[in-house]
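Some structures are shown below for you to check.
Both complexes shown next keep subunit A, but they swap its partner, so subunit B is in the first and subunit C is in the second.
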Partner chain A sequence: MKARKRERRRYAKPGGETYVFWLFVAGNEPNSSQARGNLARLCEEHIKGRYKIDAVDVLKDAAAAHKNNVLVTPTLILIKPLPKVTVLGNLNDTRQVLAALRLTGDER
Partner chain B sequence: MSNQKPPYRELETKMKAAEELIHALRTQQVDAIVGERHIMLVRLKQAEENLKSSRNQLRALAAYLLSARENERAVIARELHDEFGQALTSLHLGLSWISRKLTPGQQPLQEKITSLSATTTSLIRSVKNIASELRPGALDELGLVKTLKSEAREFAGHTGIQCRFKTNTAKAKFDRSAAIAIFRIVQAALTNVARHAHASRALIALIKRKNGLILTVMDNGKGITRKLIYSHDSLGITGMRERALALGGTFTLGGSRSKGTILTVQIPLSRVIIGTAP
Partner chain C sequence: MATAKRRAQGRDAGGPQKRRKGLPKVATGIAGLDLVLGGGLPAGRMTLLSGGAGSGKSMMGLQCLLHGAGTGEPGILVMFEERAAAVRQNARSLGWDLAPLERKGKLYLMDARLNPEAVISGEFSIKGLLAILDQRAKAMRARRIMIDAADALLHLYDSPMRERHELYALHEWLLDRGLTTIMTVKTSAQEDAPSRYAFLDFMADCVIHIDQRVTAQIATRRLRVIKYRGSAYGRNEYPFIINENGIHVIPITSNVLQHRPLGPKVSSGQAGLDDLLAGGYRRGASILIVGTTGAGKTTLACTFVQAACLRGERVLYLNFEESAESMVSSMLSPGLVLRPLIKTGRLVVRSYLPEAMGVEEHLFHALKALDEFQPRHVVVDAISACKRMGSEHTAFEYLMRLLNACKERGITCTYLNQATGRDVVTESSGIGISSIIDTVILLRQLPIGGAMKRDLSVVKSRGSKHSEQFHEFRITDRGIDLVKA
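Let's turn to the complex of A and B:
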């Protein structure tokens, strides 16, 4: 029973809830810019109207990075829905990013 | 059992995070590393591209300089041969003419003229050698293969180091600038053999294979150290490498105390062979 619950939570369908992302970037560095663009595109394609992205520029706000244990940029943290997920890199690999963010549930 | 689960999970999560971090760094997807006090921007891609571009620029410059030097050498060789050589020949003929006009009683003058004539002959020979060194006329007249054969023979004559030349390209027609480059590489390699190798035998091989033209110069001397191969002071080696790379080829140099030194240059056939001689 417990296992089934966990499974359901892991692959929650992207319906209803609002997705909150924190994206840690370093100014307009190439990978950071790509991550911004990729995240916006993925959200528009998969959870249109149900997402919120807070971009944190670590060059301006390093304290936020330290507080969230961000070691490198770009780092994407899915804050809501729980559980939290952290994805590193420029988010170019759409398939893997969607899987990590549990957005592939209804395609399975 | 239930007490062991959380630490195990934590470790698993940390391992996964570490793997992701390594992957991001390896695939150059990282822009900045967030430290305790500083944020270090990582611009690997940019730096790599800058380095590549600088290397290409340097290579192009080296190729241009090599070609400019060859042209300059050709001009100096021609001037030396035509102007200086002609003047010396006239001087030699003039001295002979004076010598014939002298009477038996003018013995001291005769001796002086004989001595001057010998000096002039030696000068004419020197000018020819310098001109030939600057611009091997044989390369244009005889072609690369015969010039290399003659170079091997001359090298053996000058140094006493037995030098053989073998090839399977006797009938090939070479691109002019490629022929000059190959000849200069062989010249530089033989100079190194004579100066540094302490060898008793050397071999030059110019072999045509499916994957390119392969030039090998090897000796049975004391070999060469890795440090010397990559030293900035080894201008001769750098020059040979640049000539090979300018032809789109590869250059390798290696050796050991027991095996001597072996230099190999591989050049794409399309860049070097332009046909078959009749």
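Let's turn to the complex of A and C:
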């Protein structure tokens, strides 16, 4: 019931909804840097102008990591649109990440 | 002046944990385990606790954390599989209330179950977990940590190399923080799990393996320390139990026999038998009374018990054959009045069904009774029933260790053994323990001239002269009566 409501809202918005990502990284360790780069590239290619990335450094903000049950880095959480999706890793496998984030095809 | 100097030295040494002599250790608080470990777990280092499902790993680790929390060493429990609520509930079933410790910041339960729906794409590390732990450990000044279970964490990784890499990183982190760590890992008899996690054994400074096995339908728990870097430890398998108060390991108290020498003579309660034994049994001796059913074993033992209690000595009677009530009433017939002895507290009769629990639990109860009741004499009726604790081997283990415990305390220990066949003499060995038995008395019933005649013989009496003849005896309503030859 709730889900259907959300669905309607999503299609009602012209140009689609803004994507909100939280990306948890650990300083500048290689996997974290790669994840940052990969996510920025994917967003530019697929949802240009309709995304917002909040990067959280767990080394500086452990409380945020704890609150969101982030145990590994990098961790990407798609906050909006719902439902939430969690992707672990450096996001190297583009096709897999796109599928997970529901960004395959029709979202353009 | 002297005090100030001592205090300064204490500071230099980094507190009481770092003693100049030997490896610093921290107590687990688990009865018996600290003894096996020669003091406790290696302080600031990692101990691996491996075992199958339901073997008691988590409980053992938690008990150690709780002991720390209560003795100025706050602890963190990282759970990869269980919910914090479930752990709190399990702890309650053992009578441990975690809430006050959690409130006071002495214990922190960290729910570290990973989101099962998370998609994995590419490499990652557990830096997030370490960042959270770092913050927690600093805030609560944690000294101990338990990682439950390492295999759940390792399942995240798709290659053995990365598993290793992450575990080494975690190990380094733990060492840097100086946390005394217990890491659990599941082992399974079916999988090749041990080889997969073999590197953990090399990494850890102390490795303890526990298991639960079933012998003749009776479950028993065992613990073994596989390695302990830089420390001596008990190398045997030790039975342990989990009861309503937590975990109890039952160690053999020392690796050298510390039996007390036999004491002075003590009357068997039967004047004729005392004559045959040149004055009676010796105090602190082990006595085996063997005979077929109805031969008078219990009567002979209770004759001794009554005499001891009337002298004001305490006796513990472990009965695996019948209840205290039925023993008391059946002993009235040969004129032995036990009830007043029980009432005055000199005689304690404990009746157990041998198959009701595993051998380690029987042992635990018996040793606890020795410590609490401090008897001068112990009777086990009958060792033949002890086989029902599992097997002849488990019975042997129970009897041997009980006997050792008695010998160390100078307690006279009387074992009754029911022989099944006609050839009582060869059965007198009593589950292979005869070599450490000091005195063996054989009771026979022989059909002679249309009647059953009873006779007894002292087969062996260490450290004492004794008669080697068979002597006829009767059981009358005033006790055992030796017929004069």
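Worth a mention:
Quick note on the criterion: the second predicted complex is superposed on the first by the 90 of 108 C-alpha atoms of A that agree within 3 Å, B and C clash if a C-alpha of one lies under 4 Å from a C-alpha of the other, contacts with A are read in each partner's own complex, and residues count from 1 in each chain.
Simple rule for what comes next: a contact is a pair of C-beta atoms (placed from the backbone, for glycine too) under 8 Å apart; a residue touches a chain by one contact, two chains touch by 3 or more.
Computed from a prediction, not measured in an experiment: that's the story for all the values here.
Contact with both subunit B and subunit C is seen for A:70 once the two complexes are overlaid on the shared chain. In the superposition on chain A, no contact is made by A:40 with either subunit B or subunit C.
Of the two partner chains, subunit C is the only one touched by A:85; subunit B is not. When the two complexes are superposed, the chain touching more residues of subunit A, out of subunit B and subunit C, is C. Looking at the shared chain after the overlay, A:55 reaches neither subunit B nor subunit C. In the superposed pair of complexes, A:31 makes contact with subunit B and with subunit C alike.
Residues 26, 29, 31, 58-59, 62, 65-66, 70-74, 86-90, 92 of subunit A are contacted both by subunit B in one complex and by subunit C in the other. Those residues of subunit B that touch subunit A in the shared complex are 17, 20-21, 23-25, 27-34, 36, 39, 41, 43, 45-46. By the touch criterion stated above, subunit A contacts subunit B in their complex at residues 25-26, 29-32, 58-59, 62, 65-66, 70-74, 86-90, 92. Those residues of subunit C that touch subunit A in the complex are listed here as 111-112, 114-115, 117-129, 131-132, 134-135, 156.
Those residues of subunit A whose C-beta lies close enough to touch subunit C in the complex are 24, 26, 29, 31, 34-35, 58-59, 62-63, 65-66, 69-75, 85-93, 96-97, 100.
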